[in-house]
């Protein structure tokens, strides 16, 4: 399956991009995606358990992914 | 001595006026003034210990008065 | 005080009160508006007439704003209280406070309105659809004790 | 919801946010403004750039406003968060709430800003007079647990 990954703020700067399209095996979880990301240059500095949103809803690492999902990797938030 | 008495809201309506000039003996206190007021028609319904301000500062009944003082007799307040 | 403390018969313009506070070092601004509502204790209300001991009210308001400024840690507090005949929706009181951090700005605005209710020499007569107008019950103001009497 | 919950790149006009709340039955209106301040932890600041996960931020803001409305007991909550490049004094967030009584209006406005800080997907990069710009430390957002995962 193919998923879309969005990166923000410091994580975007680590990745050098704000978006990645990744191919994952069926049954992959959000945690599996994070491991794949951490194997990429720059993103080895991503936390092992970053906050995630799957399709714009906060979700744990155990969340199973589906084809076409939008996964955002979110640094600690600082709005207001 | 002569003092000026101001009346507000319900107390003004009891008195039928918003201001009275009264002559008091030297050494009179604010409490003495209240007793004098309560002897007037309508003002017998004034509380025996109303809140008072002497020269625009909240003051107890025991406050000694001086010639020219401005004494306000204040119903419970309801601003805001 | 960069702010203002005033009792007025003119309509209150919230933006003008807001404009009295704020500074480059502030990260938080709180504005409170008290408005005349169309109901009270189950009765339909048509308006409210505010009576005040004007000169003293301005003094007390200035005192309250000064106390709020101390809590706030800045002098950026503004408060305007209206008196006279008000209609439903009219702003009876506007309070603005600003500070570097939000907790203090919320606290100061809240302090001012609570103290106004306790000790501002203002009274209100509510007008009803179906009953005679009446002066609302208020709070006994804090009268000085003998120990702290203003004269000797 | 008579109010509004939105993330925008346009300057915030406080009066417009205020105008989204208020009703004849309300006696209290609270407006909170967050503004960009010229200092942080001892360093002189020249401006702030806000980044956001726009679509999700609008959803989360709507959620927060809904929760505030429940606490408030009215649907009169409005919240606007700005993103992009802001200068000192610019309003980054405006929150308005109105209700019959003041305690609920204060509480709702406060709730919205506290929840924004906890879970709105927004980040800010501060720009300094004497140092390189940096992303500010934030709070870990509340990620769902396995028990409440959004899918099975």
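By written order: A, B, C and D. Residues from 1 in each chain.
The criterion applied here is as follows: a residue touches a chain if its C-beta (ideal position, glycine included) is under 8 Å from a C-beta of that chain, and two chains touch if they have at least 3 such contacts.
Predicted model, so just to flag it, every value in this text is computed and none were measured.
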{"item": "Minimal step count in the chain contact network, subunit A to subunit D", "value": "1"}
{"item": "CA centroid of subunit B to CA centroid of subunit D, Å", "value": "51"}
{"item": "Cα-centroid distance, subunit B relative to subunit C, in whole angstrom", "value": "25"}
{"item": "Centre-of-Cα separation between subunit D and subunit C, whole angstrom", "value": "26"}
{"item": "Subunit B, residues touching no fewer than two other chains", "value": "none"}
{"item": "For subunit C, residues contacting two or more additional chains", "value": "34, 113"}
{"item": "Interchain contacts, given as pairs of chains that touch", "value": "A-D, B-C, C-D"}
{"item": "In the complex with subunit C, residue positions of subunit B that touch it", "value": "6, 8-10, 12-13, 51-60, 62-64, 66, 72, 74-80"}
{"item": "Contacting residues of subunit C [partner subunit D, same complex]", "value": "14-15, 18, 22, 24-39, 88-89, 98, 100, 102, 105-106, 109-110, 113"}
{"item": "Residue ranges of subunit D in contact with subunit A within the complex", "value": "34, 50-53, 55-57, 59, 81, 92-93, 113, 116-125, 135-146, 149-151"}
